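Presented sequentially are two complexes of chain A, the first with chain B as partner and the second with chain C.
For the complex of A and B:
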């Protein structure tokens, strides 16, 4: 059994997460509250939850491992990631917040059908989202189980039951609000943990310049922008993909995009962009720099993915190392909870209610949503325990598949009025399909083009060409979108009226917005919900 | 020439993104505020015109 000095802070940390769930539960009255936190999330929490959700356990394991193997080349990913949240908020944030409230869309897939009115958009969108989000959930659960196994010495199955069980429990109890609060808390834990270890590591090698000098002494190509051994020399398509995958890819992830829908008001975007960049200054480059540090301090490291935990044990006192390990868990859990509630939301709202039980009242939908979160969580634990063959292959496609499927239809939906449903469908299938084929057949090697970049180009091309070859969208829909997008804030009472978000009410609100040809009243304040900022 | 032990070109290529994204954040904020100011101004002018028309 591991050191109690390590275990106690870690257990307290897990209990704190559960506490967030039970506190959030006190504010939950409706479906809107469970799925979107009552659209009450403030700028600070929005910025942190967006970033924590977007960056999974990859930041603590995959990122440092890449830097350990490839040297400073790995920093191309950090370069794009630094602006990922900002781009997401700046491009989609305000527009999506206003339009989705006016249309009454509660999930990113529902928004797509509201913007591109055709059932096939929802069917294809929900299918892609559920398959990839579920695979992603399983992978994060496995990572949580392994992290607890490494820390406590407990068998993997117990680690899985504890780690995943806590995620499922607080998500089930507290809904989206619990997810947003725990994400914000975990984002801070992550930043503190990673900087503690980075500072002590850099000090131990005598500073930044000695660090790079010692890396260069091992192999000068570690410091090349083309990768160790100049492996990616001249591959501009690969570098563009590495930067773009995180700089713009988040705009396609449903569990990241839903952060725009849940903001308190469109005004929240402004402060959230600044908070996001501020946070990234203290977090995004650091894991990769730790990978570089490991080249010097842990030259014989067997598993590069364990660079951060190994450095933590080597450089820090046990109690402080516990914070770093809690941060590692935070990276995994903050993504897993968002994936879980997103998958549950899409299944309940976009599948059950949309195609099977349209007559369900808000209250019944709340029960369905909770039940589905629980069911996916339990299924996820079962799958993670068994680890069936093929599950990891599915995960490899998940991020790129989601990003390239939804990014272009999301952006076109806000900015290009001519975009129509056949185009959106082509963009989704073309983007995700290309990404999958590119990854499965390893086309990056012969073409020197990153799968994400290829998927993005094909998605744009498919959406534009098919849109221009087919009928323009209904003028009424576009007028609704335009009016909502151009308003400074929704008319007083819009938020309350659209909370139940049933289609007729949402349409009435949208029509009202259409009639308003001038800027409207300032955004409404939601008195019946806590402000999570 | 090197910065912190990294060749200058490498340092700029990989780290200039930090000030770049801060600059983009500032510009985004400026653009959003400008958009809101223009909308409010347009709204005030429109209400004034309607008010004058009613008085007439």
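For the complex of A and C:
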């Protein structure tokens, strides 16, 4: 029998979010407010909103489960996550930024098509993105199902059906929940909740040192960098994959852009980056530490993915635990919603609209993206109901697929001028395909190589071999890329404050300036134009 | 000279230069050398939308860049200003405003749908369409160490972006 002390606050919290969203909507009554949303919101709220929408079931269930099963070995993943920003910046950062600025590319898939101009690059890129985004959504369904199972005591299958049903419904009609202020509030509840559980847990075992002593007493290999029972001893291919997946995998995640011309002022929200760092300090490692805590406090835990919910019930007052779980559920809904919309938009905009022979009516476009959302929903329920994979494994699969598909063509696009579209295509298919095969046949076990690492190696090999066997790329595109790459980096503050949404205009203006300066043949067009005003 | 209709210029050349110089302490000076006019098809639509708990019937403006055919939202209906400008300061386009109307429609439809998550499909009625040019200041910037960069500053919003000119021609 479910505990009303759990169910009532859980439901009330979600209803309160809905109510808050509704009230906010009354003050945000103009369509412009929705379409141009976020313009009047400060950097702190913007950052928290981004956090809430990116916090998925992985952080609450997948990460802690791995730490519970493998001990500190799980921190390889967190280390990659922590260092990811720096690696991305070092490898691709300035070069990719300057080149996408020069080409006028606004999204990752657009950049690939600009660098490797061939329709198949966009079709294959979009298809891979949709497939792996769907797998990412499946993980959210399972997390939602488990959260409902924990709260209501219903069997997982019912929890899954309710959770997936709510997410799909929310994607179609639940716009009011997703206003910035509720998302920001969510992020705070989650961070406070996670830290409350952690502090209570650490105090209950007598502090950090006693925690590690007790873990070591159970099995000293929990504290080994090679995993429990030294399972991954000497498996550098597995560790490389574990670190790299979050260190560089982010470069493969597609995103949507809504461009906006403001008539008022150029206030930027770059301060949001600082807020992100601040928030991550209080959030990124904690789920893994809770997994370690569960080794001591929950030795008989049947389902490692339930480490955080179970610790919450055990360490927090019931009502507070219910609120933390409701925040988890809302975060999962918010993440799944944006992933589903992204997948729908990639299908309707990047594939159907672009390659349709006739102009599709609005309604037809909508039918395509809704049909995809429904198809993903049905497939996700089927997969999770028949043989539910672990959230951790599913997210690693999805993230790995996106990373192995896009990372190598991205890096080659910046640093290797010879790289061409057949090579990029082979790199994408080789990387994502290897990730699928490696995961499906569990090749990590016999080979001691992580699927992400295997995918990465195969992607490099495919891109290089196919490129060298086929025609070199278009000279004009390469000349543009070379000019941008070789240009001196602008001062950091100026580069940081520049507006990526102006990239297409800037590219066209540069071409225009070069064109009109040609007859008089000065080295550049500078100072060559009459000023109108 | 060519007579065009443009978005109102809200950021003058001096302000554009100041924005760039203040963007980083290593930026020493920014010298404006021209204003370029960039073509957009600007469309006003009446959007009727029924959302979960509310309904809208409003005028929304969006624009399509007539060179790259990329769309964007405009937060208020601009009041066009007529200007006479040197022909080489106006970017030419192979597209007409009529060519890109369906792109504007589709874009606004999709954005409305995504942001509002409407229960029912929104309906869009075209109210007006116009060719408007957006002014961009082109500037040459020099850092304290003598490095040079080229930038454009949007004369409407003040936002800026680097441009890469092929100096080896």
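Note that the second predicted complex is superposed on the first by the 270 of 533 C-alpha atoms of A that agree within 3 Å, B and C clash if a C-alpha of one lies under 4 Å from a C-alpha of the other, contacts with A are read in each partner's own complex, and residues count from 1 in each chain.
Quick note on the criterion: contacts are C-beta pairs under 8 Å (C-beta built on N, C-alpha and C of every residue); 3 or more make two chains touch, one makes a residue touch a chain.
Source: prediction; values computed, not measured.
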Which partner chains sit in contact with A:484 here, chain B, chain C, both or neither? Use first/second/both/neither. second
Partner chain in contact with A:458 - chain B first, chain C second, else both or neither: neither
Considering only the touch criterion stated at the top, classify A:425 as touching first (chain B), second (chain C), both, or neither. neither
Should A:208 be classified as contacting the first partner (chain B), the second (chain C), both, or neither? first
After superposition on the shared chain, which partner residues are touched by A:348: those of chain B (first), chain C (second), both, or neither? second
Name the chain, either chain B or chain C, that contacts more residues of chain A. C
If we overlay the two complexes on their shared chain A, which of chain B and chain C does A:79 touch? Say first, second, both or neither. first
Should A:242 be classified as contacting the first partner (chain B), the second (chain C), both, or neither? neither
Between chain B and chain C, whom does A:171 touch in the aligned arrangement: first, second, both, or neither? second
Could you give the residue numbers on chain A that contact chain B in one complex and chain C in the other? 488, 518
If you look only at chain A, which of its residues touch chain B in the complex? 72, 75-76, 78-80, 82-83, 86-87, 89-90, 94, 208-213, 216, 223-225, 269-270, 273-274, 276-277, 280-281, 285, 486, 488, 517-520
For a test of understanding, state which residues of chain C touch chain A in their complex under the given definition. 9-13, 19-20, 23-27, 31-36, 38, 47, 49, 51-54, 56, 58, 60, 63, 65, 67-68, 70-76, 78, 83-86, 88-89, 91, 102, 105-106, 109-119, 121-122, 124, 134, 136, 138, 140-141, 143, 147, 149-152, 154, 156-169
Partner chain C, residues of chain A touching it in the complex: 22, 25, 29-32, 34-37, 39, 98, 101-102, 104, 106, 171-176, 178, 258-266, 341, 345, 348-349, 353, 359-360, 362-363, 365-366, 479-480, 483-484, 487-488, 490-495, 497-510, 512-514, 516, 518, 521, 523-533
Provide the residue numbers of chain B that touch chain A in the complex, in ascending order. 4-7, 9-10, 13-15, 17-18, 20-22, 24-25, 28-29, 32-33, 36, 39-40, 42-43, 46-47
